[in-house]
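Each of the next two complexes has subunit A plus one more chain, namely subunit B in the first and subunit C in the second.
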Partner chain A sequence: MKFKLDKKDFERFLKDLMEAYDLFAPVQLAEGVSVFRKIDQPEEVHLTQLVPQKSAKEVFFPQSEVMFRYETVEHREPILSEQRIERERVLLGARPCDIEAISILEKVFAGEDYTDVYFLEKRRKTTIVTLSCNHPLTTCFCSSTGGGPFRRDGSDLFLTDLGESYLVELLTEKGMAFSKNRFFREAGSKDFDLLKELEEKASKKAEASIPVEGIEKRLDLMVESPFWDRIHEKCIGCGVCTFLCPTCHCFDITDEAVNLKGQRVRNWDSCLFPIYSLETSGHNPRPTGRERTRQRLMHKFNYYPKNFDRVACVGCGRCILYCPVHFDIREALLYASSRRSKGQEGQSR
Partner chain B sequence: MPLPGGARDRKDSPGNRPMKNPYLPIPMILKKAQIETSDRLLRTLELSFKNQEEENAFRFIPGQFCELSILGKGEAPFGIASSPMEKGVLKFTINRAGVVTTALHHLEEGAEIGIRGPLGNGYPVDLFEGKNLLIIGGGFAFTTLRSLVAYFLHPDNRSKIKGITVIYGARMPGLLLYKEELLEWERRDDLRLVMTVDWGDKDWKGKVGLVPNVLEEIAPLSEDTYAVLCGPPIMIKFTFPKLIALRFPNERIFTSLERRMKCGIGKCGRCNIGHLYVCKDGPVFSYARLEKLPKDY
Partner chain C sequence: MIQEKLREKAKELLSKKEVDLIIGFSEWTLPLRTTPVFIRTPEGTESLAWNSFCENNLATYLHKFGRFKVGIVVKGCDARSVVALSLEKRFPNHRPLLIGVPCQRMVDRKKVKKAVKGEILQAVEQGDLLVVKGEDFEVTLKRDDFLYSVCRSCTHRTPNQADFLIGDPVEEFPLDEAHPDVSEFEGKTPEERWGSFEKEISRCIRCYACREACPMCYCTECFVDSTRPKWIEKSLSPSDLAFYHIVRAYHQTGRCSGCGACERACPMDIRLTHLTQKLNQEVKDLYGFETGIQPEVPPPLSTFHPEDEQGFIK
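Let's turn to the complex of A and B:
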């Protein structure tokens, strides 16, 4: 089902939305810096930056999240509350790459044996309104990782910027709940033609260029490759790539308490930090940048695919855009793909 | 035991499908605590369940572990040192090293403590049935091995396996865990116990030498035998080749690994070795499986 939403009505559309939902959308903090936040006023919503610096993952998996609070009184029943969300939510304005990443995270957090209730509850209570990516950047490579600038999977509603208006596609049952919206107007063949044109143009711009197909098998042969000795050398281990990555999901759990009152909190963590795997004894299974860089790339392109049958990268390009030493994950992938035969590489043992 | 008033509401989401929150610890009571070693760095905690229904629901096999939780300090993972045949209690032996373990050393008897578990896969006890067991332990990693031995020494289980050989090493005699129990084991005729230390004292009657060398010296037969080892990384590293030399096939060597862990349920990321998580897919691995993974341990 397709409609048109005029931009002049957009803020009022958002205002309506906020009556029924908690709205999360990109907010501009400074020139070129936008992040996903809970919206208090419709005019805060800022949809022009193509790849908001921080991904939409923090709507489901906040950088710092209280898991539960407690207050110990004479050793009795100390856990007071778990952190739960009450209202239904709308995530608006994330691009298809970020939405694809959420399905990658969901596979980890849902799991077969244990359910991460914090992530899953937010996911279940969220309606996703995706914004198409009309002008992919040069750092974007979503088409190479199985996505695309107009990929609709995982979205409940899909918006395309037509200039004066948005074309709105209702894709799921959750999306259909919006079919009677008072700001939606009928869309015509002119609008559909424009949609098709924009989609073709963007897809052409984002054509697959990085050989991700078969990367898992090639990396199987490269576990002990000299490749890792070289590639980590310029990395300063700042971890910005892992924090901005929409699919990185590592976290630390700590207690914050004064006297006997406090909270258990989880915070994003990074496999590029030496302390991440450092054991109390002093032993560190990943003692140098070689092992840590290998961990980051192998997790995305070899370990995760072994468990979940797809690469854990959506080609958003944030790690390339914001790396202070210009480490380009695409170069690493190109290099890995150029090493094919078993003879060239150290065996995996 | 009657249910304590107001058992906590663990029903989770207000949504349609109730989800159990695996991050919430269940309450336990520290029943008894005992210092194990002469350096006073190892303390065994004996915990009992505060709520009967949680005790009934808690089923584990040797080799599994729990996250011990002290509110205000944090959590850390420890192998379960008691055997599933010891009903109503869970034992953990804690090496004092950091914030959480120090708090665990200071915990007074009668105090409440939280646990999450049982976590991990445990030793494949069914696979061992009808075979001989060679158990090799070093230092304070002996905890889950103690659980395994105690499990098979129980009258209900002893007939399930054939011979049991235990090689247990520590730096000094005073650092051996569970000394009274070791004496009992020594007196048994259905178990062979070989103890070794790096430095003996005048009363020491066992062997002096490193575990891999003692293994080589006593050369147990590999036929129809599973080897299970647990110890510091350096011991594991040098013991594998000795077992291979004794003709143990890779599939019949098992070890339990330790890694820095947080969630214990395969979400937080840090304990992976290749595509497997030590917390969820381990901590027990066969050498055959381990050999195919990156050496990230």
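Let's turn to the complex of A and C:
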């Protein structure tokens, strides 16, 4: 089912949404810096930055999340769980890559072996309104990792910016709940033609260029490759790539307590931090950047694919755009797939 | 041309085996950027680049290569960091050889991106101009309008401490008065200052890119990672963020070269170099000391002289 939503009605559309749902969308924190946040005022919604620094994973898996609080009162220890969320949610304005990443997280947090109540509660109560990617960046490589700028899987509603309006596609039962929305107008053949044109243009621009198929097998043979001796050298071991990555999902659990009152919190963690793998004895099985960089790439392109049959990368390009030393994961992948990269990420000099 | 001379020098050092490794910059996949490279063969030096996008302070890599004889490409600020590290006895085996390039001052890529609409596909320097191209635009910008703020107020562009200087020393511009970013901050009321600090750090994601990009942050265990004692929690509460950023700045007192690598590394564009610049200014006013300028003068906070300024102790 397809409709049209005029941009002049957009803020009022959001206002309506917010009456029934908690709305999560990109907001701009500073010029050129945006993240997904709960929206208080419709005008905060900021859809122009193609890849906000922090991805939409934060709506389901916040960087810092209180799991429960506790307090000892006269020998009894009440534990107050924080998993429940009261209102239904809408995530609006994430691009197809971020939505694809949520399905990657789902396999881990809501899979057969293990269920994470915190993730699941949010996922179940969220309706996803995706925004198409009309102008992919040159750092985008979603088509190479199984996605695409107009990939609709995982979306309940799918918006395409037509200039003066959005074309709205209702794709699921959750999406169909919007079919009577008072701002939706009938869309015509002109709109569908434009949609087709935009989709073709974007898909052409984002054509697959990085060969990831079968990469886990090639990496199997590369565990002790000299490749790792060089590739990590420029990595300074910060957490930018892992924290901004929409699929990275490691966390650390700590207790923040004062006297008899406290809370258990989980925070994102990064395999590139030396302390990540430091054991109580003082031994660190991943003592240098070599092992840590290998872990980052192996998890995405070897361990995860072995478990779940797809790479744990959606090609959003955040790790390329925001890396302080300009590490380019595409070049590492080109090399690993034995197509020679043009320089450092693959070969020593 | 500087780039050619730089390659020649690096090639010579590697050919004569005076160094095992050259750390320099190379062009890479994105416009407005270079990437650090580690070169071990004379032929590899062909990839060395020099332009206004050589923004990283490569001295931060020296901690990784202590066992090797390293030749390192340095700007004025980077050379100062190396000298400061040397005074902190970070090079017990081999003192790195400094290949100094007088710095034209680096271009702030974030600022350039803000000046155009659309993705930048190419950026070419033509003298003082910067020609920036995208799919459907081409703009010519004045390079000097897009410098990093720390570069605009830089007073030591020529790395005089270098073992080899590539090209001629450039004109220095001493600051007549206080550092502009510092004066702007100082012009605010205490409440405004705290407000602006809180606003900046509220974007922090604790990725520690600022810490890792800084050559002077080399503790085996950073205070934020210590669990016994636990100085700080790991979440994003405003007090923990403030604690981290204040302590990080304080630990730089008398050690910071003002290179601004911390700010440039930040993915969230948190701008806090006025804090370290203020500390640099205080150290200069109190002790007449500037980080990494004189290789034989130890940093004031690591030494004691009875005649030291003590008026601030109350």
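Annotations
Assume the second predicted complex is superposed on the first by the 331 of 349 C-alpha atoms of A that agree within 3 Å, B and C clash if a C-alpha of one lies under 4 Å from a C-alpha of the other, contacts with A are read in each partner's own complex, and residues count from 1 in each chain.
The rule is simple: a contact is a pair of C-beta atoms (placed from the backbone, for glycine too) under 8 Å apart; a residue touches a chain by one contact, two chains touch by 3 or more.
Note that the structure is predicted; figures quoted are calculated from it, not measured.
Upon superposition of the two complexes on subunit A, no clash is found between subunit B and subunit C, which fit side by side.
Of the two partner chains, both subunit B and subunit C are touched by A:254. Of the two partner chains, subunit B is the only one that A:279 touches; subunit C does not reach it.
Of the two partner chains placed by the overlay, only subunit C lies in contact with A:30; subunit B stays clear of it.
With subunit A as the corner point and C-alpha centres for all three chains, the angle toward subunit B and subunit C works out to 90 degrees, nearest 10. Legend: residue contacts after superposition of the two complexes on their common chain; A:68 is shown touching subunit B, with no touch to subunit C. Measured by the number of subunit A residues touched, the leading partner among subunit B and subunit C is B. When both complexes are overlaid on chain A, the residue A:117 reaches subunit B alone and has no touch with subunit C. Once the two complexes are laid over each other on the shared chain, residue contacts for A:327 go to subunit C alone; subunit B is not touched. In the superposed model, A:108 makes contact with subunit B only, not with subunit C. By the touch criterion defined above, A:230 reaches subunit C but does not reach subunit B. Once the two complexes are overlaid on the shared chain, A:239 sits against subunit C while remaining clear of subunit B.
Our summary of the superposed model lists a minimum C-alpha distance of 7 Å between subunit B and subunit C.
Common to the subunit B and subunit C interfaces on subunit A are residues 252, 254, 348-349.
Across the complex, subunit A is touched by residues 6, 8, 12-15, 19-25, 27, 71-75, 97-98, 101, 110-112, 233, 258-260, 262-263, 265-270, 272-275, 280, 291-292, 294, 296-297 of subunit B. Those residues of subunit A whose C-beta lies close enough to touch subunit C in the complex are 29-33, 53-54, 63-64, 135, 137-139, 230, 233-234, 236-240, 243-244, 252, 254, 256, 265, 267, 270, 273, 275, 289, 320-322, 324-328, 330-331, 343-344, 348-349.
Residues 26, 28-30, 33-41, 43-44, 47, 56, 60-61, 64, 110, 113-114, 119, 121, 202-203, 205-209, 211-213, 221, 225, 233-237, 264-269 of subunit C are the ones touching subunit A in the complex. Against subunit B, in their complex, subunit A makes its touches with residues 67-68, 70, 72, 75-79, 82, 84, 86, 108-109, 111, 113-118, 120-121, 124-125, 223, 249-255, 257, 259-260, 262, 264, 266, 269, 271, 276-281, 283, 285-286, 291, 294-295, 298-299, 302-304, 306-307, 348-349.
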